[in-house]
Every structure is written in C-alpha cells, then in structure tokens.
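Residue numbering begins at 1 within each chain, and the chains themselves are lettered A, B, C, D, E and F in the order written.
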Amino acid sequence: MRPSGRKLDEMRPISIDVGVTKHAEGSCMIRCGDTHVLCTATIEDRLPPFLRNSGQGWVTAEYGMLPRSTSSRMRREATAGKQGGRTVEIQRLIGRSLRAGVDRVALGERQITVDCDVIQADGGTRCASITGGWVALRLAVNKLMKAGDVITDPLISNVAAISCGIYAGQPVLDLDYPEDSEAGVDGNFIMLANGQMIETQMSAEGATYSRAQMNELLDLADKGVAELVAAQNAAVA
Amino acid sequence: MRPSGRKLDEMRPISIDVGVTKHAEGSCMIRCGDTHVLCTATIEDRLPPFLRNSGQGWVTAEYGMLPRSTSSRMRREATAGKQGGRTVEIQRLIGRSLRAGVDRVALGERQITVDCDVIQADGGTRCASITGGWVALRLAVNKLMKAGDVITDPLISNVAAISCGIYAGQPVLDLDYPEDSEAGVDGNFIMLANGQMIETQMSAEGATYSRAQMNELLDLADKGVAELVAAQNAAVA
Amino acid sequence: MRPSGRKLDEMRPISIDVGVTKHAEGSCMIRCGDTHVLCTATIEDRLPPFLRNSGQGWVTAEYGMLPRSTSSRMRREATAGKQGGRTVEIQRLIGRSLRAGVDRVALGERQITVDCDVIQADGGTRCASITGGWVALRLAVNKLMKAGDVITDPLISNVAAISCGIYAGQPVLDLDYPEDSEAGVDGNFIMLANGQMIETQMSAEGATYSRAQMNELLDLADKGVAELVAAQNAAVA
Amino acid sequence: MRPSGRKLDEMRPISIDVGVTKHAEGSCMIRCGDTHVLCTATIEDRLPPFLRNSGQGWVTAEYGMLPRSTSSRMRREATAGKQGGRTVEIQRLIGRSLRAGVDRVALGERQITVDCDVIQADGGTRCASITGGWVALRLAVNKLMKAGDVITDPLISNVAAISCGIYAGQPVLDLDYPEDSEAGVDGNFIMLANGQMIETQMSAEGATYSRAQMNELLDLADKGVAELVAAQNAAVA
Amino acid sequence: MRPSGRKLDEMRPISIDVGVTKHAEGSCMIRCGDTHVLCTATIEDRLPPFLRNSGQGWVTAEYGMLPRSTSSRMRREATAGKQGGRTVEIQRLIGRSLRAGVDRVALGERQITVDCDVIQADGGTRCASITGGWVALRLAVNKLMKAGDVITDPLISNVAAISCGIYAGQPVLDLDYPEDSEAGVDGNFIMLANGQMIETQMSAEGATYSRAQMNELLDLADKGVAELVAAQNAAVA
Amino acid sequence: MRPSGRKLDEMRPISIDVGVTKHAEGSCMIRCGDTHVLCTATIEDRLPPFLRNSGQGWVTAEYGMLPRSTSSRMRREATAGKQGGRTVEIQRLIGRSLRAGVDRVALGERQITVDCDVIQADGGTRCASITGGWVALRLAVNKLMKAGDVITDPLISNVAAISCGIYAGQPVLDLDYPEDSEAGVDGNFIMLANGQMIETQMSAEGATYSRAQMNELLDLADKGVAELVAAQNAAVA
C-alpha cells in the first residue's frame, strides 16, 4: 500500500558514516533512504551573551538545504537575503532537541554548533538532522573528553527523532516525500534513548485526529526511535 | 500552589469584545487574564499565486507584539529589519490552525488575513491569538454571507487553543507567564469544537515527559478548549 | 461644510485614558475622534553611545501602525523588512518634539523611549502621538520622581501638537482623514503649554499659501493646543 | 558677528554651472558657498504604478552624500544596506517641493527623476538640492519641449529654498555649517518665484520661537529666495 | 619543498564521481586532493528578462561553502543576510567561464544553473568548481540531447581551471591551502581543451611579478588543464 | 578604425586635478577622456579588528557610481539595499592594488580609506579609480609626513592601472565604452612604476585568446602605465 512497498511499521534503510569531513570536531553523513544530511559539530570557546560567566555551555544548530537537494531547484537562502520561516523553525527545533540530552554544566563554558545541511531530500529531513546531529555532537564531545577538557560526560542520553503519519487512512512509520505530501496527519516525535519524550509535534492538514490515533502514532514512533538509537550507537562505537 | 492561586484545572478569566476597530471586516480584543490580543480579519480579493484560478480561498495570519507588551521593552521588529524566528513560527501556526476549520472551496477565491497583535503579554499569546483570531474570522465571514458573497458557511467548526504544562510537578491548565517560564514541560493544544485535534505541540526543557503525563495534559486541554469555544460562541452571538 | 459637521475651529472629542498597560512605566490610550493611539513610556538605564558619561539623559520615540488600523490593510513593516520613509519621519518628529520640553540634565543618565502605536487611524496620528506620548512620558517621570531617582522635575512644559489646514478654501482646525486627503495645504504645529512654538511643518499639495493664510492656521493651532494641554493636565491629575 | 563675517541678511556666493555631465537630460553643479551639490534630471517613459494610464506625469527625487563630503567620513549608505532616516526625509522633501511647481498633466505620462548628490557639505544641502534640482528639471523639460514631446510648459514657476535661523540671538539668512550646528531655531522655506509658500519647516532645539520671530525669518527667506530665483534664471538663460 | 611533498609541477589527485544526487539533471562530486565540491546542474525553461525571445539560452552559476567546510567555522551566508563579496566574485567567474564554452543559440531558450557547493575546502575551490561545474553541465546537456530537446551540441569545448603560484620563490602547480596562504603571487587560469585562454587572473600580495614569471605560471597551467580535461572526459564517458 | 579615431596605442587625454574637496586629507578628480572619477583619501586612527596592535596600518577602498553617471540611469545602491556584485569586485580590486604599493609597517597603526566615486562613466572606471586613488593616497600620506606622524615614506611606488583589449581584431590601448562593449577580449593591468605587475585580469566573452595575444596586450599596458605614472607625478608635484 505504501508507494515504496514498505510495511506500515517499516523504516527506510539507515546508514550513518562518521568522520566524513576533516575539519569538523565531529561529523557524519546520515542517510535515511534517499534523505541524506551532512551533520557537523563545531566546538568554540565563545558563548552567547546571556550565558557568559554562567558556568554553563550551549548547544545550538543551523539547518540548510542545498539548492538542488529537492526535486525542483530551490532559491539559495543566501541569495534571498534571509533564512525562510521553515528553516528557522527547523533549526530551532534541532537545537532545542539536542539540548534536552545535554548536561550544560558538565559541558562547561563552551558552545557546540551543529550544522545540518541537506544534500538530498526525500522527506523527514528535520528528523534525520536531529538523529545525525546527535552523532556529530557525540563525536565532538568524545574529543573534548579524550583531551581532558571535559571530565563528566555531558551527554545524558541519545536523542533521536522520527516522523509518523496517517497515510491513506493507515498509521505509518517514517514518511518519505510521496507519503508526506499526501498525509492528512503527521507528526515528529523526538525522544531520549529510554523512550521519554522531549518534543511532540503533530499537525493535521485537511483532516483531524483523535486521541486514539495519536497513540497509534506514538507506538510507531517508539519502535522507530529504538532502531535509530541502535544505529547511532553502532556508528559512534 | 499556582502563583495566581488558581486551581490546577482553572482557566484565567476570558473576555472577548467584538467590533473594536471600525476598519476591519472582523475584529475582537481577547483577554485571557493579563494577556490581551487585538485580532482583526481583513478580506481581500487577491490570492497568493499558487491559488489563482483554483476555485479555493486562503486564510493566513500575521502576529506581532507591541514593544512594551512585555515586562522589559522588546526591540520593534520593523526596526530590527525582520521578523524573529519566534514570530514566524507563531504566525505560521495561527494560519495553519485557522485553515483547519475552513472549507476553502466554500470560501471562494478570496483571502482573509488575520492579524494578531499583542497589546499586553502574560503567557499564552499564541493560544489567545488563535482563539481570538477565529472570532475575527467568524465575524468577517458573517459579513460575506450577509452580503451574499458567500452562500455556504465556509467555517466548519470553531478553532480554539490552550496551553497546559507541568508546573512544580503538577499538570496545570492555561499557563500564565510566571508558570510558563518555570515549567519543564508545556504544550499547545489546538482543537475543533468537537475535541478533534488539529495541532499538538509539546516540548520539554530540562525535563522529559511520559505517555501518561501527555495524556493528563490532553485531558486538561479538552476542558480548556470547551470553555474557550463557549466564550467564542457567546461573543459572536 | 466639514464632512463631520464640525465648526471650522472645532476639535474632535478628545479622551486620554492612563495606565492602560501593566508593564510600561507610563502609558495612555489617546483618542482624538476615531484616531486611537496607544502610547507607552519605557525607562532604561542605557544611553545612546554619544551621551554616555555626559550627565544628560535622552528621550526618543518610535511609531508604528497596526496593519488594519487603516481603511485598507497596510503591509506590516516587520514583514517588509524595514520602516518606511513616512514612519521614520514621524518618529523622528515625535522624539524631537518631546525632547524640546525636557531638561535632559535634570533627567539624568537614563533613556526614556516613547512608543506610539496607532490602533485605529482617522487622520492626525502624528499629532495624537505627540500629545499622548507626552502623557506617557509625564507618568513615567512621575514614577522616577516618586522613587526619588530624579529630584528636579525634568519636564519643563507640556508638549502638544495639532494639525490645521485649508479645506474647501477655509482654514479648519484638527483635520480628520476625509479632510486631510482633500486639503491643498496643511500643517502640524507643535507647541509648549505657553504657546511658544517648537516645530512648524506646513506643506502644500497642488496649491500654495500666503503669509496671511499661515497666520490664520497658527491662530487655530493656538486654540487647539490650549485644549489639548487642558486634556493632558486632566488626564495626569 | 557671523563666523563667516557675513551680514545678517547676506547670502553666501551662489554659482550654478549647467550641463556638467554628458549623459543626463538636465544637470547642474550648484555651489552655495562651500556646499556643492551635483543635480541631474533623468527622463524615463515608465511611471510609478499608481499613475499608469492617468494622463499625468511624475517628478521624484533622490538624495545622497559622498562619504567624504563631510568633515569626518560618513559611512556609505550602500554599505550600510539602507538609506538613513535623514536621507529619506530630505529626498521626500525635494520631490514634494519640485512637484509643487509642476503641471503634471502638461508633463504627460513620463517620470523625471532628480538626483541630488552632495559633493561637499557646509550646511544647507537640502535647500541647495531643491534650488539646483529645479535647474536640472528646467533643462530636462526644455529638452522635451524642444523635441516637441511636450507642448505646454509643465513648469508653472521656479521653485527655490533657503534656510534661516536664530543664531546667537539674531535672525540670520542662509546658515552655513558652523551656524547650523549652533542655532537653537532654524527653518527651511520653500517658495515659488512669486513668494507664495509651498513648504515651511521650522524646528527648535533647546529653544522655542514666537510668532514674531517666525515672521522675521520669513522676511529673510523672501529676500533669499528672490536672489536664488535670479541665479536660477541666469543659469538656464 | 612543498608542504605536501609534491613536485613543483604535480597536481593533487583528482576524482570526479558523477550522478551523485538523484534530483539534478547533471551532478558530480569533484575532489582535488582535500578540496571537495558538489556540483549540480539544473535545467529550467525560464530565462533572465534580458534574454526572453532572443533565441538564446543562458548558463549561470551559484557558489557556496558549507559552514564547516573550512578549518574554523564560517558564518552561514543565509544567516548573515547576504552573500559576501568573495562569494559573489567567485560565482560570477564560474558562470562567465562556463558560458565561454557554450553556443547559446544551440542551447535554445532555456537556462542551466550550475550550483557549486564546497563540502570541504583545502585551496582552489573556485577552480574545482569550474572544472566540476563543467562536468555537471555536460551531463545535463547530454540529457537534453538524448531527449531530442537540443539537436546540435551547445558545448563547444571542455572548460577547466587551475591555480598556479610562486611559493617559496618557485613556480608551483595547483596550490593547496597551506601554499595558497603563503604564496606572494598566485593566479587562476581558465582554458578551453585546446589551451586557448578564456580568463586569466593573477594577483600579488606583498610581492610583484615579471612577464617572465607570468609565462612560467602559464606553462604550468597548460599542463594542469590538460590533466583536468582528461579527468573530465573520463568522468563523463 | 577606433570609434574615437585614436591610434591603436593611443591613450585618451588624462587630467588629474588635486585638492578638489576641502574636507578630505587627499583628493583629486581624475579625467580619462569622458570618464571622471572623484577620489578622496580619509585618514582614521581606527583599524579593522584583525590588525589591532599589529604595528601595521591598512589601506582600503570603496567605489560607487552616481545614478546618472551612465547613459541610462542606474538604480542607487543605497536604495537597492546593498552594493551589487560588480561594485564589490571593483572596490576589493582597488584596495588590493593600492596596498601592493604600501609598506604597512611604515604607515603605522592607522587606516586610509580611498573613496572612488564615478561622476561620469565612459569605460575604464576601475582603472581610473586605481590611478586617481593612488594620487589621493599620495596626498594624504604627504600630509602625515609633513605633520611628522609618519617618518619613513610608506608608499614604495606609484600604482597605476590601464585596460587593453582586442577590438575588431586589433589590440588596442585604453578602451572607451563603445570599444569595451564590443571587445571580445579585454584586460585590466595594474603595475608599479617600474613595470612590475601586481594584478592581471584578462577575460574573453564570445572569444578566446592565445599567449601571443596576451603578450601584445601586456606591451600596450606597459606603454599606458608609463604615461599614467608621469601624469600622477605631475599632479602631485
């Protein structure tokens, strides 16, 4: 029934290649089916003004799409003169989600910026960015710990994200673009490794959803996040 | 236990005054406690390019805060040269939520822009904007129907929104600013009059939440939305 | 002869409600007929760079119009990405006018920002902003004096403003929008309580004016400003 | 008493050289003492949208200062990313003033843009721009008439502008920069050749002015404008 | 003598992988040593206004660097609100260079946009962009020809680019970043397959160069471009 | 054969008037035929951040064109909200070229900004800007030396620039606009007084060039630069 032939609760193939760029303190290319996102983590000593001398660090994120990551070419945001509303929303979500898994006191007074750049898009880029962004963050933090700059591990858990939705009347896991553009209801579910939730975004377009349907999607998300956490752990091992 | 002395499931006093500006096709001032939002609806014959000659109308929203609607003065976005990320997020949410209650074919080829301007802020401005924005939209549509420009009512249901969160370990309804700035978990719940959901946004900061906790907040939201729908109906009667 | 039926030298009804927002140090809603402007005054300890360590304070102003304060919806300046030329002109005028009534040494090293936001427009918004802006400023300064932060009253006089023009060949006081859009000559007159002038702006469109006509308008302005000063004094009493 | 040694009612030396650039339809370099402004007039067939098919033309103006036209270098507005508030105010004034001397129906459906670029500044640049801008406009219109593109002369009068102010307690004509920066009251007076006024802008800083003082400045302005009109006529003869 | 141990006239290893993204009409990842650039070509039916109905097509280019393509993180240009001067210079050069190898009449009324996004930078990104950009362009044009949309091959030659410079007193081929940041003289040489030149940019910093030295660099460039053309031909075969 | 009737190796008449504005530390109006550029040099004590406390100075440049310096009016860059790509390219080139003739340690910790504003354009504005900009720089440095603020002359050589190209199949010196818009190959050659090169930019449009042709243009450039250096020296004598 799904355009890809996948089962209702079947994820797309996941691969996470680490160390893909020589400059960043942490990096990976995450591929969730045909959605490919390059994630890098940069460690800097400077902090946003509101945190100076606070004894705490900061994790933030930026998001972008290459102009031809999509089916028809998108205008480059640098040319347009600003980041669009969708971009701003997504990068705020990535930053907020990653921070939920960080002990900022343990991190100390430094900032880690996670850049998520979509090389090829086929639905679910914000979830792939969070999942891959965490891997880049993990690798950068490992480097800090190996150098003795950080003693207590500031990462209190994996953070991973998956989308689910109601497609053709059925709850499905891990929407790809053809599903995403048709689904009347979809959501993004961001969780820790133990299944505790840190962000839930459900939205309906030309449809509504009941509590029961929401719970069906949450069940699927539990399954998906568990698989993503396993892939993250394998990648950073 | 709540700073305001309210019970856990007690809303702030709601008032909705309609017809507060002489120019707009629909308008109201909604007051949810000390949060006051002026909502106006403007009918225009032009449509965004992607809808021209589609036989469908459009409902969109813009959001702003007066510089001294807040405890310390905010920089005016017109001076800053752009709308901030939070503003963009909120106005996209308002527009999406209101459209979920609209039959855009029945509306016909016209656009209604709902402007929500926060006169005084004390938490929950986006929810007040949606709830008040619907009232302004309802009044503007009434005008179209009275003039015979629209035959079938394009509003298929009330749309209302409420925030709930976990404050001091307890689930509470309708967060005010002192609660909002302390709550580890909070959410915005946007629903139709019959309780079907159209958008759910839950987010944790320095905390996480379980499925059980989410369901407690959803129960509170059901109660809150029912009260808001009653207030909307009284206002437009 | 006037569209409103007013006499040539008759002002619109004036009302000034003070304390209309809980956050600002001073605030009022001024209503000159159907022109309604919300004015707030914000006290801050920081100063513009050119005044640091000068022993003097600063008073500045910003001006905005809500998108549907006008008969047809105006584009929000925050969306347009900048304040328009008319806005910049008006807010510079408001600031300059208010400063003319301030002893900046007595004010001490602090800045007061007066925000004037037009809720509903029907002509004369810049004059209403100055007149109402002075009330907000007066209330904020009262607060400083009551707290003992300022000893000598830095407000040396009321400041008020009125427009006059030549409509249908006759000099008229306090133009409303239908008059303003037809008048070939109009002016804004800003004065102290004693009638001394601090700014005069007369402008003709498709017409010219003689010295005699200018003096007729100045006579009307004297009358109007006296009434506005009385309303200011009543409001802050 | 004046820093320059001029008498109270003495203008700076005026020179107006015409035809100073080979591309523009009309051009002049106006020198009022050490204030030098290059004025060019450009004729184009396109019109602003609100005038298309109206049977009327348009005259507009733009103003700029070269970065080192001033005593210390100013930041280039193209680098700053926008025209400052002062620039916008001035160019709107120039355009409005010039239009007051134009019969826009006689001009026909075309636009003339007058660019006023300050090469060297020593006070009074906006007045010099209006006076020189009119000369450029006159020359461009002459060209249209000579070519038979315009039959009835659309320029109904010269337009000229002069500043006056109260310096060291005395009313003085044609303020230079040292006077302008000290004057408590100053004004710009824009008139037709016959002395009828089209714009009056008086402003006080740290001072006020009475009706009598205003009339003294207007007397000076009458004298100054008469001399400027004579210089304009000599230049275009 | 060279930091990399290369001989004076030795290029870095080149690889060009084609078809690396599923959406673009042509794409490749070019790797010149540690400089990696993703190049995509997009075919669109629209043209810039100056070419509409001209019977000719257009080839243009845009360039960007991922924030962490460099040793320390660069600010994202979309966040900065504009493309920097260096970016604008480079993308104009890429477009101009590629157009030199195109018969725009044979291409017909369509536009091909070549996006060059630097994934990892180690010197020579503009040359790699031109060389890889031509491969993406070649593949997109092949697609047009295969579909019968274009009959005569519009690509009249390969276009390739290489940098040379004087490093530690010696002329060297294909500067990497450590060389580039030390070289007193360097140049970019863009040529057709037959060695005819289409753009030469030589520049000295803290040094100068004679005609003889320029000719030495041109000899090296001839060698480098020949190798790049061979690699291009192998990639698209 | 040339539109102007000049011989192939004949320059346009050059004039350089110095001291043309009273405010700048150095200034000249350079006229190369009908191309007129006003060049000013401003000395400031502040430095760009990367040079603070480095013991070195900085020379930078900005470039602009007056809106009607060209045959049809160009949009003012301050109105457009940014400097165009061509402007940015040119001003970077001017700054880089001038710095090549400066001993920045001898200059000491100060910045000289050279502004080049095109009053009238007829081809070759960037070369005229460099040649005239050096004169303004020379005069400003003379002032510093006369005042004893700089002891060792920081200008190690004249810097001058000339364009050459292939027009109608012939190599020609000093292209004017009619030639520039037709030439298939042209170049800008920037040199010291002794003929050593500091920047070479050759570019072909719809054509290519061989090494032999490049050498012919370089021969012409040698001749042109020698004449420009003589004119510079005469002007500053």
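As a working rule, a residue touches a chain if its C-beta (ideal position, glycine included) is under 8 Å from a C-beta of that chain, and two chains touch if they have at least 3 such contacts.
Heads up on the chains, UniProt names are A, B, C, D, E, F = Ribonuclease PH.
The model shown is predicted, which means the values in this text are computed figures rather than measured ones.
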To reach chain E from chain C by way of touching chains, what is the minimum number of steps?
3
Considering only chains that satisfy the touch condition with chain D, which of them also satisfy it with chain F?
none
Examine where the copies chain A and chain E touch and state whether the two sides share over half of their residue numbers (same) or under half (different).
same
Can you tell me which pair among C-D, D-F or A-E shares over half of its residue-numbered contact pairs with A-B?
C-D
With centres defined as the mean of C-alpha atoms, identify the chain lying farthest from chain E.
C
Express in whole angstrom the distance between the two chain centres, defined as the mean CA positions of chain B and chain C.
33
How many Å are there between the centre of chain E and the centre of chain F, using C-alpha atoms for each centre?
28
Distance-wise, how many Å sit between the C-alpha centres of chain C and chain F, to the nearest whole number?
51
How far is the middle of chain A from the middle of chain D, if each middle is the mean of its Cα atoms, in Å?
59
At which residue positions does chain D touch at least two other chains?
82
State the ordered list of ring chains, commencing at chain C and continuing via chain D.
C, D, F, E, A, B
For the complex, give me every residue of chain C touching chain B.
21-24, 27, 34, 38, 40, 42, 44, 62, 64, 66-71, 73, 76-83, 87, 113, 115, 117, 119-121
Chain A contact footprint on chain B (complex, rising order)
82, 85, 88-89, 92, 96, 100, 187, 192, 196-206, 208-211, 214-215, 218
